[in-house]
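The following pair of complexes shares a single chain, chain A, combined with chain B in the former and chain C in the latter.
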Partner chain A sequence: MTARALPRDTGALRRTTGLFIVLALLCLPWADIAVHTLAPGRELGRLAQGLLWPQWPTVRTLGEAIASTLAFAFQGVALGAAAGFGLALLYRLRAVRWFAASLRAVHELFWALLFIQLFGLSALAGVLAIAVPYAGIFAKVYGELFEETDPAPRRALPTQTSRLSSLVFTTLPQAWPHMAAYTRYRLECGIRSSAVLGFIGLPTLGYHLESLLRQGFYAEAAPFFYALLLLIATQHRWCRGWLIPALLLAAVWWLPPVAPVNGTLIWQFLTHDIVPAPLRSGTDALPWLMDLWHGQLWPGLINTLVLAMLSLVVMGLLGVILFPAVSKLFGNRWTRGAGHGVLVVLRSLPEYLLAFIALILLGPSMLPAIIALGLHNGAIIGHLIGQYSNTLILREDAARGMNRYFFEVLPRQFRLFLAFSLYRFETVIRETAILGMLGIPTIGFFIDSAFAEFRFDRAVLLLAASAVLNIGVDALARHTRRRLYLRRTVQVC
Partner chain B sequence: MTLRSWIATALVATCSTALPAWADTFVFTAIPDQDERRLNERFGKVADYLADELGVDVDYIPVKSYPAAVSAFRNNQVQMAWFGGLTGVQARQLVPGSQAIAQGEEDTAFKTYFVAHESTGLEPTDTLTDALRDRSFTFGSKGSTSGRLMPEYYLREQFGQAPEQLFSRVGFSGDHSRTIALVESGAYDIGAVNYAVWEAEVEAGEVDTDAVQVIWETPAYPDYQWTLRGDADARFGDGFTQRVQQALLNMTDPDLLAAFPRSGFIPAENADYAPIERTAVTIGIMDAQ
Partner chain C sequence: MTGFRLQQAALAVDGRPILHDLDLTIRPGERVALLGESGAGKTTLLRALRDQHPDRVAWCPQQPGLVPVLSVFHNLYMGRLDRYATAYNLLNLIRPTAARRHDLAKLADRLGLGERLWTPVERLSGGQQSRVNLGRALYQERPVFIGDEPVSSVDERQGADLLGLVCEQHETVVLALHNVDQALTHCNRIIGLRDGRVAFDRPADQLTPAEIKPLYPADAS
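And now, the complex of A and B:
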């Protein structure tokens, strides 16, 4: 964190928070919130029973699903990091920044749907689906890390020093520890993304989870669920040092990233399939476009925004409620242990999976999506604030309990809280779009329909629209952070 | 066949089009219209039967969704598929030269059942009435003929409105088993379901018929069929298409036929599915060619 003096006036913070809450309240009338199963309690009971008495698949099925999940994650993240590093070197260029922003604005599930059209249901399609958006994310993070390095060593170099030498001897050594830490962290996100790719047919843990959960076979789903949880929760313990390159090699051996490349099909996809239908047939494009706008784009964008605003507020509320559970300033060893346990579970599970479970329990409406996004992101915010609150130094005679929370800790952590929440805004928007694939009519719902109808022209247009929305929200959040002097950089997936 | 080996096999199968010297495996898939755990069990036996009849290696590979089946066919990862009416039309449009070669005896006159939860008080009728308005309604997969295309067509014909305007809520369950489960649990008031899946599940005792009953059935339409790629003869030898067709028509073992579930297969051709294509264009889920 920069040592800049923060302005004393906290009015702007309050106004921003208030604005977000008011916006969310305004969204409420448009939100479709309801419980549609007649007996959600019974379904919940069956789920709990299934989790408690799992029915184990063969070691081979489970082992292959775990291996494939890791294989896609390692290859995707490695390729993404390499490509992102290349882009980061040119991050000064506006065109490169836009390019990277548009890569990361499209969710990996949607990249996967595209790549499956080009390369079939193949290992390459899965690896690229993770690598492409991650390249955009790595480009940004590495690029910013390069910018933050101390320029003094660079200036001390002789004038004729080559760019390469300057990079290798001054910039990289400074940025390296942060880059390594971030890349390792990104692997955790990669495992989560890889699991989610199973939902559309790649052979990861999500493949089995989706089939089994959707059909209500909770006991059979439980082992896959636990495996995913265990992989993500323990990733930072086993994924280190020499094991990383070794695992990467093993990943390439297990699932070689190749695909049946059919030049004609790819050419047809790029020059015919994604060209808007009216242009192909030479009819007027305007009615086609207006139809798409009224029927899909506009309702999709509105639902996406409504869902994102509501989820953001739920996330914030949960974040401030949950952080004391893991803060050393509150509770005792046991409550903190339990708090950590709950937050790890919520953090580890992909939002998509949480929403899927909530949907089964509560029936179709926006509610499961709000709950899923709120819980997952709220747990992340709670975890982060909890960690930072441990660095606070309180007076010996500081108040305890509720008074400590409301009058001491919360006010001192609020700026940080707002910064983190704004960072999550972009992620929430991205995820709301893909929750459409579960039937919540966000823009992702219409993208999924376009793919199901093999109308790639519509799919690409809708994808572009959702990318523009993401980039816009990201710019807005960045602007707000800057205006509020919230300069802490934090990257979480 | 495990999922990983499926990716590997699909790769080999596709690469081998360029290298005819390789041993060719004939790969097929089927749209996942029912309980996904049983897909391998259902179609594995069919693969063994075809391998015996055709004298080539035959593999069945499972796919996750209706569009995934069409994508696999388009990318030549499978050379044949047991498609629904709509997915078949989509696949043949995406792969010029491919042909429908056989359909189930039931598929010349297939039906969709509308099923309703008992709490709605809806009773079986001969015509769709306004009592359906403002209920919640679930289709099957977005790409399903019996679970989406035809029910939507008849709803639009009767009410002159899109389902989204007609019902308070419209969902897509993903497959027929799930549609039945969702209506049975009351998550949706009404659902559109493949009549063959419904009857098979009722017979197997998997449906609580006190909670959900059939309230209406659509007129008959053509549905499922086997579609084979046009380049199959070039790859597996002259006359391969005929041999596959004959093998399918010769299938009489009730155990094998139960996988579909059908009582037998009869010849089919692309033109049989022209009504399906017209309907898809009419309700706006396909562009006119």
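And now, the complex of A and C:
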């Protein structure tokens, strides 16, 4: 199949995989993976019971939650796409690339915490929380799509052609199908993000899920859970064509992105509140900084890395174990149907929600976070590898079962698997940070506490640190991919 | 003893008829060569023969279907995946056992790949890959060998050597070949395919160049 490809070092693939596993094992002693609840089994039983016998809320409550979830998602993604498009036009500039990278390095939940300080718990805050990081992502994806277009039509234009005409006649038509497909896909991510914003108080499905699950009202939470699952799992079926602009207009009507803007307050936030305390009072900044470093930054960053490494390896293992469940090379129609069902559920549910549920079952430790990140991302990897494995053509006398898996399929898919896993690394780190808001002591835990204590100077510094960590991990993953000749580009949130 | 029989058979690929009116019996001990232009249906016929006794046939298809990232050792070893327990296969995937290393080093030497036993096959040339493919079939050690152009990208002298090895190791041999001289040297029965039918089916020592020539009308000019 790839017989004519460049000679590549397969030893390096093995060494990289080994390195990740060894790093994860080294992380184990630092990881708190205990179960802290007394009867996790019984709680799981109650959860299952609640899911099987849901208690329906009024149509109005459920309908409003769904409408708000969609409204935040559509407006946020649309605004993000428009801003990202603008940035993508200037993506050749290093400054723009850095700007976009820093926008997307901060998770939408963190952006939401910031915007809530500025605009209160308003529609505008929610829309911006999605739009800002998505603008950074769109800028990158659109920018790369522009770069990948064939330059020949552009060069063939008359020399006096304006930049805009050139864009509209040559670059855009070439990139358009990919841009449209990606934007539509991003809407699915937007619905997930929107739901998660409910956990910090915006009126989406997540809001009801958070309050009901926390109190153990599983049967009452179930309908919201199913609504979210259905919305995301079927998104690619109903969200197409003219319905997209229609829904966007409806979203603006349902939830106008406005907020009571208090200029003085915003001005004070930007010029006073987020300025480090010692600078404000004119005292020595070093003790303040050292205190923050020892007490929060260092443990936060270390815990984030430890948790991310462990989750990455669990994700990889699950991905490798799960992909045969949806591959045509294994099983039969029924097993594949069941496999697809399980993977769709795990893929559709946001990590944050999964972690929240796992936390209720297992108590506060790194374990729920590892399970949530591993399951969600492992399902995505499994799905992707499974799809790609369907393009393999095996010889007539190829082995079956385990022999087929280990000799024929896994070695052929391993490079792809590693590429996808490295792509997920940045997402895993971003999500790891955010899971701190559930009480796991990653950097997000300290950010959330700083916001809760109105210590915005600390919050902003910690946020910047987590952004630097994300950018660093992204660069590391990209470097590793390049070194291993893993060039396949995939965009998944 | 494994023989093959086709009676009034018509063979089709994806609903497209390829061969008609096939009446063919291959007895154990025969060495059969199929001749004919590309597209004459040699591959289709070989597949149909293999399907009659898939467990007794060492199969050497034209598309090798090797696993690019695995070494020569592992690709050869795969010929016996069905013979050993899965646990033993996995052990050999991770840490090859002494016994298999011994077997396969010998086979690789014979294939002219002794130096490359631990090289991933994606780094081999096309000719070397087709020798791995042939080696995998040899390693199966089955009574019948069915090969589709098994030595087409191997140089002539080595090709002759390997075909000799194939004939020596198997009771029955069926080969699709494009090299007429190789067919006449190594096989005792030649079947010519043309226009979806058997054009002739004769012992090799009774065949004249005049009978072979019409199989390849494209070369006539």
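As a working rule, the second predicted complex is superposed on the first by the 487 of 493 C-alpha atoms of A that agree within 3 Å, B and C clash if a C-alpha of one lies under 4 Å from a C-alpha of the other, contacts with A are read in each partner's own complex, and residues count from 1 in each chain.
Please note the rule applied: contacts are C-beta pairs under 8 Å (C-beta built on N, C-alpha and C of every residue); 3 or more make two chains touch, one makes a residue touch a chain.
Computed from a predicted structure; not experimentally measured.
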{"item": "Contacts of A:262 with chain B and chain C, given as first, second, both or neither", "value": "first"}
{"item": "Chain B versus chain C as contact partner of A:154, first or second or both or neither", "value": "neither"}
{"item": "Touched partner set for A:64, first chain B, second chain C, both or neither", "value": "first"}
{"item": "Chain B versus chain C as contact partner of A:399, first or second or both or neither", "value": "second"}
{"item": "First, second, both or neither for A:328, with chain B first and chain C second", "value": "neither"}
{"item": "First (chain B), second (chain C), both or neither touched by A:97", "value": "neither"}
{"item": "In the superposition, chain B vs chain C on chain A residues touched", "value": "B"}
{"item": "Partner chain in contact with A:340 - chain B first, chain C second, else both or neither", "value": "neither"}
{"item": "Doubly contacted chain A residues - partners chain C and chain B", "value": "none"}
{"item": "In the complex with chain C, residue positions of chain A that touch it", "value": "1-3, 5, 7-8, 10, 13, 393-399, 401-403, 406-408, 411-412, 414-415"}
{"item": "Chain B residues within the chain A interface of the complex", "value": "2-4, 6-7, 10-11, 14-15, 35-37, 63-68, 70-72, 74-77, 90, 93-94, 117, 119, 136, 141-143, 169, 171-172, 174, 177-178, 181, 185-188, 285-287"}
{"item": "Residue ranges of chain A touching chain B (in the complex, touch as defined)", "value": "36-39, 43, 60-61, 64-65, 67-68, 116-117, 119-123, 199-201, 203, 207, 210-212, 214-217, 220, 254-255, 258-260, 262, 265, 277, 281, 363-365, 439, 448-449, 451-455"}
{"item": "Contact footprint of chain A on chain C as seen in their complex", "value": "47, 50, 54, 59, 61, 63-70, 74, 78, 81-82, 86, 89-90, 93, 120-123, 126, 129"}
